[in-house]
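To start, the structure itself, in structure tokens.
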Amino acid sequence: MFTELNSILNSTPDSFTQGEFILLSDRQSDASFLIHHFLSFYLRARCKVCFLGLVQSFSHYSAVSQRLGVSLTQAKEKGQLVFFEGLKESLSILIPQEGNTESQAMDFLRDPAVGLRSLYEFVVSSVSGAGRAPEGPEEWGPPVLLVDDLSVLLSLGVAAGAVLDFSHYCRAAVCSQLQGNVVMLVRCGGDEEEDEGDDEGSAWLLRGLTHQCSLALHVQGLPTGYCRDIHGQVEVCWRRRRADGQHTQTKLFQYKVHDKGASFFARGTSSAVL
Amino acid sequence: MLTSHCTMLSELLQGNDSGGFLVIQDSCRYSGRDLLRSFISSALDREEVVHVLCFESSEEELKDGLRAPGLQRLHFHNAYSDPLGWMDHSAFTVDKFSFEELTHLVKQSPHSRPATLVIDSLTWILRHVSPPAVCKTLQQLKKGGAVRAVAALLHADMHQRGTVGSVCHLATSVITVSPGIKGDEALAKITKRSKSGKVLQDEEIFSIKEDLTVTIQNKPSHLGHKQADPEEQQTDPTANLTFNLRLSDTEREAKEKLALPFMFSKEKKTALLHPNQGSGRILYEPDANDDFDQEDPDDDLDV
Amino acid sequence: MAAPMDGVGKHPAELPPVNSTSFQKKTRSRLISIPGTRPSVQNGQLLVSTGVTSLDYLLGGGLAVGTVLLIEEDRYDSYSRMILKYFLAEGVVCQHKLFVASAQDNPEDILQELPSPILDDVAIPKVVEQPRLPCEPQDRLDAMKIAWRYQNLPKSALASSSRFGHYYDVSKTMEPEIRQAAKCHRFYLPDHPTQSSNTHSPMLESYSALLKSLEEVIHREGFDVVAPMPKSRNILRVGLHSLGSALWGDDLSCHDNPRHRHALTTFLYGLRALLRSSLSVAVVTVPSHLIQDRALMGSITRLCDNAIALESFKGSERETNPLYKDYHGLLHVHQVPHLNSLANQLPDHKDLAFKLKRKQFSIEVCWKPCIFMILVVLLLLRLFFFFFFFFFFFYWSCFVRYFVLFSEPISHILSLFAILCCLFLFSSQTLSGKSHKSDASPTCAYFSLLLGGKNKSEVIDYCCCHVYYSVALSVQCSEKSLFL
């Protein structure tokens, strides 16, 4: 959890806007540090979290969260966190073996044309048990769905339209019905001009998700090129009216990722420069 | 509720003409949904019946900010929570998007007056139904009589240009919104086709308040130029120079009096044409030798 | 012998031969120690060497176990193949298990071409077992006279094959007995008849067969992390040659709009899944210059943990460029790992070039010397004039009157000259296109650091301002000195 980002977004684990769809995106940079931020943020906020980790193994997320002061293993044991490990689940489908208990969630790997309905059903089943805690006395807050990241689904052959349908359903179920939050990461490569024409690529997906989301954080590399002391810039864009009546607006920050967090600063005010 | 200026945008939002089809085009840089909601709000204020076919926002989001008295005339058709029929409790799925279904839907309401149909958004439909089928349905709706007018949101950057073009071709008016220069302002490009075939185009800057009233700031193209012009006239490049570039009246007189040496003045002319008696003259009469052509190389030959 | 043993305690089987002095770091006992590996200083990841020491350094110490290194091949696949061979040779020397797959050449051929390790510091594998007997060195006549404290230590502490990273002689191939001592699994695609399946999976049969065979090896040989702990752990090095080429049945490189668009990415996803749950590490080469779709290449890169691209000067106009005359090609780092950590270890520079010497494949920072020279000279001149000025001011104030007149303008004129040079180089670099398009040049980095990442036109504006400022200052100085 990065406190500087919290103050930019005007939210704390004790009070945050419910029903938000937060879109994280990057281009020629890496926005996965933001996913870790939101994971630890919502775990601290005592939300019921469903995490679709498609890119890395559980140990990776667990190790990073440890540095941010949150234990994923404990959260899992307490029933606060439902962790979906895409790498593990996919293996049983990519290398079919007898006696494997196959989960239905990664069904799209057998035939990408069927879409992500089974994955959505997994999300709903893990999220809808939010209010009642099956074992133990603990009561969890609003449900949160985090996805890292959607562009992996494109790499696995799922059509971008199917991903948009999936995200729409997740938003309808989690944000609107259950008043929870959704955080999704999508990664683009290459130049903006190159992607302009294509109809099924990650840039198109990003545009579609931007129309759906209520808050977008877009991470980019520096336009002037690589720099060791400033890792890139984040564009924060509120797409819905905020509580204080402010309209759609955009703010730009530069950031640097440290070992145990990240610092955000206004343009040109990096400590390396001043 | 709109400002008193009678601009094209306010006219369109008032929506006086029946049989109209309004398309609000937006991109991911600026959402046109607020404008669509102010359209709904002004339609409700005019005591119209409004049916909303909503794919992209929930009922709460849509109704947020609408005034209570009109709400019972607003019919919300929920295509948001289950548009593809993945769950069993779907109210409207995207494959039901046809003229018959929509007419049936609109006629279910107790109000007898023809209603306004609002679609949020066409993008969702165009992603799952083929564009020709969508266009056909829209045309039937326009002509069918069950609905008075249709207004729809379209995310232009999600489709190929041809698809956007064919939908806009059906529309009687198109509003393209893009972000403005200042924070809460936006720019609207309006194209309106009247029944007589006349096409009106305009650009306006507007902002939407929290109660969904649209304030039209000014017309950027005209006012912007008008403001810029007088300033350009005021600045005089010769104003703050360290040397003098201007002439006073006396100076100008003196300058005009001066005869320049190579001017062909009247005096000179008369002096040349009517020379005084007694001065020398040159008399010249050309003879045969003068007929010498320099160009002719054979001139010296006696032929 | 007792003292060093205490440090590790419970797992003598896992004790590496290197840990044989009493001054050793206390290691946590749950860390597995395997010959040829070491934990990362940053995040404690278990690392193995790629066989190229400078590449290890570039990748943050080495390749983390469980990750994939993607090498985008150079045009003629000579240097990328070389790195793959280094990677496998390092595995042979460290007695790791190997898995080599190719569709082009028989893996056996690749193995025969492995470069020979430089033997003065590498023991032949069978020697390694001997020094475990502590009494043996005493019998030798030519035993060195060393302190009794160290006398009983195994000799191999100095000449151990489990050292991290070795040097190789490219001109010689590895001796067959060393090579045969290594256990190697081979996957040669023509030997694996692929049966066409009727599933709709986006993966090709050739890739499925490869993945299945790799999974079998991992499972059978106990490389699984979840498997019950065998007596000694070992690393499986996986080398996959030229994935995505037409010989794998893939049409990525043949068409602009390939039919099996997602075959390779799906395979890489499966490969990542396999590696993450096992003690293995993979190097994959891909002929990226044949793949037209950059977006696809981007998603391939993102599915690997490390990605480097080799750009050979052979056949390009850069071969004759005097700037690059010391190098054989450029090396671009496209992806750095950030496994188990929030921040990824970014390299200091992105301007890297490689050269292949007989005994070393070295990667160096390919910096443009002139720019730094100018900056350094500028700084020195400033300092020089500054001290000079003060020294004379106190002692010969009369001299100063004349000196100031000349020195300050001179330094400013020099700085102006230097800045103009920088500006020229900077703009010529940005104009010259591809190589320094977005990331790369040190000047770019310098200016982005200076300005906190504004765009290029602003940088140029800034430089112009600086020039004007210098001129104005020098004029002011000369005016002042006239009044002194």
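Note that the chains are named A, B and C in the order they appear, and that numbering of residues resets to 1 at the start of each chain.
Here is the rule we use: contacts are C-beta pairs under 8 Å (C-beta built on N, C-alpha and C of every residue); 3 or more make two chains touch, one makes a residue touch a chain.
For reference, the UniProt names are A = Elongator complex protein 6; B = Elongator complex protein 5; C = Elongator complex protein 4.
Remember, predicted model here, so these are calculated numbers, not experimental data.
Engineer: Using the contact definition given at the top, which chains are in touch with both chain B (Elongator complex protein 5) and chain C (Elongator complex protein 4)?
Structural biologist: Joint contacts, listed by label: A.
Engineer: Specify the chain pair with the maximum number of C-beta contact pairs.
Structural biologist: Chain pair with the maximum contact count: A-C.
Engineer: Find the most central chain, measuring centrality by the gap between its CA centroid and the centroid of all protein CA atoms shown.
Structural biologist: Of all chains shown, the one whose C-alpha centroid lies nearest the global centroid is A.
Engineer: Please name the chain that ends up farthest from chain A (Elongator complex protein 6) once chain centres are defined by their CA atoms averaged.
Structural biologist: Chain centre farthest from chain A (Elongator complex protein 6)'s centre: B.
Engineer: What is the distance in Å between the mean C-alpha positions of chain B (Elongator complex protein 5) and chain C (Elongator complex protein 4)?
Structural biologist: 55
Engineer: Which whole number of Å gives the spacing of the CA centres of chain A (Elongator complex protein 6) and chain B (Elongator complex protein 5)?
Structural biologist: The computed centroid separation for chain A (Elongator complex protein 6) versus chain B (Elongator complex protein 5) comes out at 39 Å.
Engineer: Centroid of chain A (Elongator complex protein 6) to centroid of chain C (Elongator complex protein 4), CA atoms only: how many Å?
Structural biologist: 30
Engineer: Under the stated contact criterion, what part of chain B (Elongator complex protein 5) meets chain A (Elongator complex protein 6) in this complex?
Structural biologist: So the residues of chain B (Elongator complex protein 5) in touch with chain A (Elongator complex protein 6) come to 28, 30-31, 56, 58, 60-61, 80-84, 86, 123, 127, 155, 157-158, 160, 179, 183-184, 207-208, 210.
Engineer: Note which residues of chain C (Elongator complex protein 4) are touching chain A (Elongator complex protein 6) in the complex, please.
Structural biologist: Residues in contact with chain A (Elongator complex protein 6): 43, 199-203, 208, 211-212, 215, 261-262, 265-266, 269-270, 272-274, 276-277, 294-295, 297-299, 301-303, 338-344, 346, 348, 350, 436, 438-441, 444-445, 447-456, 459.
Engineer: Would you mind writing out the residues of chain A (Elongator complex protein 6) in touch with chain C (Elongator complex protein 4) in their complex?
Structural biologist: 28, 30, 32-33, 36, 56-57, 59-60, 63-64, 67-68, 87-88, 90-91, 94-95, 109-113, 151-152, 154-157, 187-190, 194-195, 198, 201-202, 221-231, 233, 254, 257-262, 267-270, 272-273
Engineer: Give the list of chain A (Elongator complex protein 6) residues in touch with chain B (Elongator complex protein 5) in this complex.
Structural biologist: 117, 120-121, 161, 164-165, 168-169, 172-173, 175-177, 199, 204, 207-208, 210-212, 239, 241, 245-249
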